[in-house]
Every structure is written in C-alpha cells, then in structure tokens.
Amino acid sequence: MNASRSEILSKIRLSLARPRREHHHGHNAVTNDIRKLFASASSHENLVQTFKQEFERVSGEFHHCSNGDAVVHSIKDLITSAGSKHIAVSRHALCERLNVRERLAAVLPDAIFVDESIDGENPFERERLQKEMAQVQFSITGVDYLMAETGTALLVSGKQASRQISLLPSIHLFLASPNQIYPNMAEVFLELQERHGNHLPGNALTLITGPSRTADIEKVLIKGVHGPTRLIGLMVELQD
Amino acid sequence: MKLTPRLFKSYASRNISNPRLRKTYRFATHHALEKRLQVVHEVPEWEALRDRAHTIKEQTIDQLDHYLEKLESNVVANGGQVFWARDGKEACEHILEIAERIHARTVVKSKSMTTEEIGLSHVLEENKLDPVETDLGEYIIQLAHEWPSHITAPALHKTRGEVGALFAEKLGIPYTDVPEELCEVARKILRGKFLSAELGISGVNFALADTGTIVIVENEGNARLSTTLPKVHIAVMGLEKVIPTASDLPIFLRLLARSSTGQKQTSYVSLISGPRKAGELDGPDEFHLIILDNGRTEILKDPKARESLFCIRCGACLNTCPIYQRVGGHSYGSVYSGPIGAVITPLFQGVDVAKDLPYASSLCGACTNICPVKIDIHHMLLWLRKQVVDSGGTPWLERVAMKLYLAGMKDSVLYGFGSRLLRLILKASGKANASWTVPGWTETREFPPLAEKSFKTLWRERQQEEQHL
Amino acid sequence: MKVSLFIPCLTDQFFPRVGINVYKILKKAGVDVDYPEAQTCCGQPAFNSGYHAEAIELAQRFLQIFRNSEYIVSPSGSCTSMVKIFYPEILEQTQLQEQLHEITSKIYEFSDFLVNVLGITDLGVSFPHKVTYHDACHLLRELKIKQAPRDLIRQVRGIELVEMDRSEDCCGFGGTFSVKYPEISTAMVEDKAAAIVQTGAEYVVANDSSCLMQIDGYLRRNHMAAKPIHLADLLGENL
C-alpha cells in the first residue's frame, strides 16, 4: 500500500461529504431490472437464426453441421482452401468430444498441429507454446457462451484454451452448439452471476464479435488488423 | 503546435480556414453520426439504458471510496497488484520502476486516453525505453509526433495521402495511400513488437468492483495482444472508471459501441481479472492496476462538476458538436477535445488556462442530447462560464458593458427612455435605416436595422386605439 | 383565460411585429391578453456569458412583474427556456422557490401554448408558399418542442412544408458566440443556408428571432433567395 492511497481516499471522502443535489433534468423512473433494458432483444425464438444473421453482419462466416464427420469435413475444406499449414486446436469440451484434432490430423497429413496440452505451470512450456502459436495460421476452439443480439462469442481462458489461441492466428474457427446461445449479453452475465457469484470463471474472458477491424484511416473499414482476419463459426447440432 | 488550451482561438481560426481539414472532419463526423443513428434506432430501450447508466455512475461516484477499495481488494485477491497515483508523475515513475525491475526494453501500448493525459510515452522515451503505440490511429500520430484529434479516432484529421506520406517517410517504404496496404504494413511491424515486448500497457474502459476486473474495449486486437503476450501488464485507469458489478457491464457495453462507432459491439471486449491464473496456459506473470487521480478528486470537490466524471469516453459528443466538426480536435490544445474536453480541460487545468473553451459553444445542446450517460454537458459549459467570470477571466470592457446592460434593463423607465433616445439620434443623423457596423457580425452577415417603433411603443399606440373605439 | 405577453428585448427593439402578431393570434383564439409594461429582459445575455449576479437581479425582477399572470406566453424559445429551465438553477439559493414554481409552471413558448394548451392548430390562415422549418436549439432541446410548430404550419392553407436536411443543426447564433467566434458562427450558418436553399423553399420559418436574425444576416449578405419569417408573423399577418 502506498501513501498516495490514503491521500486519495481521504480526498474522496472529504469531497463526497458535500452531497450532489437532485438532478432534475427529466430522468425517467429508472429500472433496476436489467432484463427490461434488453427487452427488445430477449426472444428465445430462432436463436440460431438470429445469431447467424448478426454474426454474418459483422463478417463472421457461419456454417452448420449436424454430425462429427461433417464438422471434420468442413474444417478440412476451410483449412485446405486457406492454404493453412500450422493448425492449433484447443481442449474445449466440444473439440474433445468430437475428437477434432486427431480426426483432422488423419485427413491433413501435411499439417502441423500445435497441442495445447502443456503443463501450464511450467514457464518453459508456456514459452514454447507461445512460439509455436505465433506460427499458427488457423486455430480451432470451442466457446463458452454465444449472444444472439450482437453475434458475439464469449471465451474463457483456462486449461481448455489459452488466451492467444483465438488471437494470434489469422483465421480463428470456433465450434458451438445451439444450447450455448443466449439472446443477449445481459442474459449471459446473469447466468455467470448465477453460476459463479461475484467471481468470473477465469482471469481472462474475451468477447469476440467478428474478425479484427479498424476504420482509423479515413473511416475505411479494414478487416484483420492485429487480431484474426477471419472468424468462422461452426454450429454443431448433434443428434443426441 | 503547443499542447495548451490557451491557444484555442488561434488554433481554431487557423484550422477552420483549412478546406482540406474541414472536409476531412465533416466527412468523418457525419459518417459516425449516420452509423450511430442506424444502430440506436434499433434499440427501443435506448432512453431507459441511458437513464440507468447515468444512475449507476451517479451512485458509484457517490460512494467512490467504497468501490475503489472493493476493486483493489478483489484485484489483489485475483493475484494482481494495485498502485494509487496522485498524479501523472507518480504513475509514470511507478511504471518506470516496474520497467527497470523487469529489464524492459520494448513496451507495447494499447490506446488509452489516460496515458495520453499523463504523457506516458514521452516519459518512457526519455528513459530510453521503446514505447510503441499499437492502435493504428495512435501508431500514426506517434509517428507524426502529434496528439490525438479525437477521443476514439486519434488520427481522424489525417487523409490517406497524409498517412501514406508519413509511412513512406518514417518507415522507409514505397509510397502508397491504399488503406489496406498501409494497415498491412503496420500489422507486420507491430506483430514483431507484440512478440518481443517485455511490458504491455493498457488503459481501462471499465473496472468492475465486485469481481476485481478491468474491461478493455477495442476493434483491432492490439489491446488483447498487448495484455496477453508480454510478461508484465500494467493497466492505467482514471479513478472514475469503476462500476459496481459485472452485471452492470452489459448496460454500458450496449451503449458504448453504438454511441462511439455505430457498431452493436466492438470486435473485442477483454475482461481481465489478474495475471495468469493457475491452470491457464498463457497470460502475463504480473498484472498491475494503477488507479490515477491527476485532478479527479479536485473535480469531485464541486458537486456541480462531478457529473463530468460519468464520461465513458465514447466520443459521440465530439461527432455531433457543430464547433468540433468545424475546428477539429487539435484546436482545443488538449488531449480531450470537443464538448466533454471543453468541460474537463478547464476542470483539470484550471479556468484561467482554458478560459476560452467554455465559450466556444453556441449552447445548442446536441452534446447533452447524444451523451449515452446523460451528462448535462452544455449546462456544465454554462456553469464553467460563471467560473471564468468569477475568477476575473473576462475582459474589463465586457464587465462594464454587463453593468450598463443591467442598469438599463432593471429600470423600465430608463430602458424606455434609452430606446426612444436612440431612435431620435438615428433619425436626426439620417442613419435610421442605414446598415450598422457590428464588429464580429457585419464582416460576414447583414445586421438588421432597429425597428422604427419598438414593441412597447406599438403596444401603447394599439391600446390607445382600442380604447378610443 | 388571461395571457400576459413576454416580449424579449430583441423582439421589442428589432422585430416588434412579431409581438403584435402573437397578440393578434391570441385575441383571435379568444384569449384576453395583457402586456406588463415594466418588463425589459429576462437576463439571458448576462447568464449566457457567465454573469450570474446580473442575471439573478433580472430574474427576481421578472418574477415580480409576472407574479399575477395566469399564463405567460413568449414568441421566443430561448427566452422561455431561460425562465423555465435556467431560473430554477440561478435562483436555487434564494427564498423564491414558491414564486419561481408559480412562474415556471405557467410560462409557455407561443406555439406550444396554442397547440398544447389551447388545443388550436388551425387559425384559418392562408399562405400559399413553399416553406421550410428551422428547429431552434432551445425550443427543441430545452423545451422539447418539435411537433407543435409543424402542426400549426401544416394547417395553413396552400402551404407546402418541406423539411430541410439537418433541420436540428444549430444556426450558429448562440448569443455572444455569434460575435466572439464569428468564423465558427458563420461556418455554421453557411451550412444552414445551403440546406435551406436546397429545399427550394421561398421562406424559412422559425420560432426564434435570434435564429432568424442570424440566418437572414447570411442569406441577405450572400444574396440568396429564401426569406426568413417568424411563425408568429406567418400566421398573424395572414389572419
């Protein structure tokens, strides 16, 4: 704790002893219920359709698969047409369940796969992973939540995926299932609160809405600045 | 150009008569407003969201000490470290200490108005570090040795040709003005920096007190890279950025991107609660949060000024301000420009230094109208004008004129007399219908003649007529 | 029903017909009208420049002069805003809260009064011209009046109302701003004039003489065709 801390805090307390007067510039009755504030985006109908629409609107590429073979096939095609050689696959539940890495390795014999099953506590392992990931052109992960209103994916970093796997490669593909889609961000955060109380499920959560972009030069929209140039979403509807 | 609001009048005068600059600003601001309108129309709850956001900010500021302490304890519980800095000097010194300890050489910075405010990059450079601005707009102005001309679009004032020439000169590449190509150049150069930097410095859009989390909103991915790859991450936040809970965040996020860039959501929002957690495969070894005062507690002192601390730095007020649209961000001589800049710059630097800013407004209220957290910006400008007057910052001639005006207005007999006398004089000198010369007006506009008879006179005549009927 | 006229100093000295026309319109609407002659200025020029002491004196005077009025009606959005919105701010520390509340609850800008208090939009007026309408800032953003003037205009026989691009953009007057920052003020009215001309309207209508003064000043200097007209004049001269 530093000395400035007590100085700043006591200045704050002193200042706040003088109360603000009532603000009278026409504020409506304020609702505490966050759901009311998202009412227009709260429908649970056609979530996949809404998500697809919004996802594509932000230049996400949406695909639909109904079984493991189709998933592997689609990804293989995407990798091949992109000419990617270095591939990373996360250990998200859906990726593991569909055995994505092994099955892809089988159909892409020339590809080099980066394995995220390192010992996270070992700094040398972590350094090695970072160096390898810097070469990766195409990564495949799962997601933790999706938000239909904005076409957003939420990824929590942890054993299941590093922070960088959805960031360094120029193409990022995520697998998701329809039951991961929530109507909007408020619903997701309510769910997070429900499940984890006053903690977030990890020290790094990332909300991803489309590929990386900028409009810093004359408002010209350019995709793929520092983060991925392409974001692909594969909706997997398994039959069980 | 010197970074001082004292020079507003001369900067504004110069910039407004630069046609290329006018065109650039006009296009950029109108474009932003159009995009915003599209996405705001889609949200029927927009006004309710604004009200709620305002209230959350209000309630938070009213218990700011409590929420900052809560934030600190939760960041520490998550494995982070917290440093409180009274001013920019303290913050920069602390950052230098950390940089020295970890033998940092390259520092990657993501876009942060707060670090611009404290001139961090200059301090790092002076101390032989290599601070690299990684946001494309910030990278551009770093190369150009300029300060940002807009809160969210720092290189708004530059044309593609100017960026092309800049890159050619500073990076030694063949000239191109194709934005995609310029971007590709920046991407390649900066990717190398991200991978080799020992230290990453970011700002903070929101800090969640209950979970001990900082939130960074961006489109490019440079903030994610700056806060993920280097071994040490330092986040600098103005102490007003804290909000009570994670559940409040969606409200602000629904307002921010729509107001700022006309997107429903920016490409990335990072919620960082600490360094690499046990079990994580990457992430910084150290996470430092610097809670910065630098004049904010002074602003807190005056209840009327506090609302300026609600600002979420969306830049919408800049886009809609008819003055900003025409004089541009650099005219304000402060990293914070536009309407909110005209409020906080005098509050941060003193009304004596920034006394022109509150008057550089027609008080149209478009800023207040557009502000997602409903800050009464134009009313605050009015209140700041009072501060300027009270501190003796207005010309003595004007003060005398006000006294005369008051004398004339509070005595209707004197007013009526003066009104008739003026007309007599004009008639006698044959100038009754002549054009007036009004300095500041008649150079560019016709000034109307005084009416032959005032309303008061016409009224009396009419009453007399009606009585005789 | 009795209405007291509140005629801004600018109107009194430069555009008195506006005041006469408000009177005529209200009489036609069947209302009794008086004009407390002691009135001079609401204090806005002082307040807007940061001179609160002077503004407070004039505000107190205003409250006195109009204390017995049933309604107060003014042809100026900015002056009405001064009383309704800003008097409560500058008189906050005084003991005048009751008188203040009395006054602020009975003061109206004239189009607002006609449409929303008297319920009148049709005055039987004819004005067969193409017009466009400028949203004065105080009227629009402080008093939140946007529809009432348009409702009145639409009922005028033979009139064609064309909305201009960016009708809500400020004309650049802003009181002393217009002379303190003449380049910016002129740049703003330049765009406003261009928008007016683009509609092909013969007249630009507004509810604030200060806006009209600014717009007219530029149109005349640049020999542009459109003619500014206050809504009160448009209605009152053709009753």
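We just call them A, B and C in the order they show up, numbering each chain from 1.
Keep this in mind: a residue touches a chain if its C-beta (ideal position, glycine included) is under 8 Å from a C-beta of that chain, and two chains touch if they have at least 3 such contacts.
Here the structure is a predicted model, which means the values were calculated and not measured.
**Student:** Using only Cα atoms to place each chain's centre, name the chain farthest from chain A.
**Tutor:** C
**Student:** Closest chain to the protein's overall Cα mean, using per-chain Cα means, please.
**Tutor:** Smallest offset from the overall C-alpha mean is found for B.
**Student:** Averaging over Cα atoms per chain, report the distance between chain A and chain C in Å.
**Tutor:** The computed centroid separation for chain A versus chain C comes out at 53 Å.
**Student:** As a quick test, compute the distance in whole Å between the mean CA positions of chain B and chain C.
**Tutor:** 32
**Student:** Centroid of chain A to centroid of chain B, CA atoms only: how many Å?
**Tutor:** Here the centre of chain B sits 30 Å away from the centre of chain A.
**Student:** Can you list every residue of chain B that touches 2 or more other chains, as numbers and ranges?
**Tutor:** Correct list: 379.
**Student:** Which residue numbers or ranges of chain C touch two or more of the other chains?
**Tutor:** Residues: none.
**Student:** Going through chain A residue by residue, note those that touch at least 2 other chains and give them in order.
**Tutor:** Residues 21.
**Student:** Which residues of chain A touch chain B in the complex?
**Tutor:** 2, 4-5, 7-9, 11-16, 18-21, 23, 25, 27-28, 30-31, 34, 36-40, 54, 58, 116, 118, 120-121, 126, 129-130, 134, 149-152, 157-159, 161-164, 167-168, 184-186, 188-190, 192-193, 198-200, 202-220, 222, 224-228
**Student:** Flag every residue of chain C that touches chain B in the complex, lowest number first.
**Tutor:** 7, 9, 11-17, 19-20, 23, 35, 37-41, 43, 45-52, 54, 57-58, 61, 86, 89, 137-138, 140-142, 168-170, 172-189, 213-214, 216-218, 220-221
**Student:** Along chain B, where are the residues that touch chain C in the complex?
**Tutor:** Spelled out, the residues of chain B in touch with chain C are 12-13, 16-17, 22, 322-323, 326-327, 358-366, 368-369, 379, 382, 384-390, 394, 398-399, 402-403, 405-406, 408-410, 412, 415, 419, 438-441, 443-451, 453-460, 462.
**Student:** How about chain B: which of its residues touch chain A in the complex?
**Tutor:** Residue list for chain B touching chain A: 24, 27-28, 31-32, 42-45, 47-49, 51-52, 54-55, 58, 62-65, 68-69, 78-79, 83-86, 90, 134-137, 140, 153-155, 158-160, 163, 179-180, 182-183, 186-187, 190-191, 194-195, 210-211, 213, 219-222, 224-225, 228-229, 239, 245-247, 249-251, 253-254, 261, 263-283, 287, 291, 293, 297, 300-301, 303, 306-307, 374, 376, 379.
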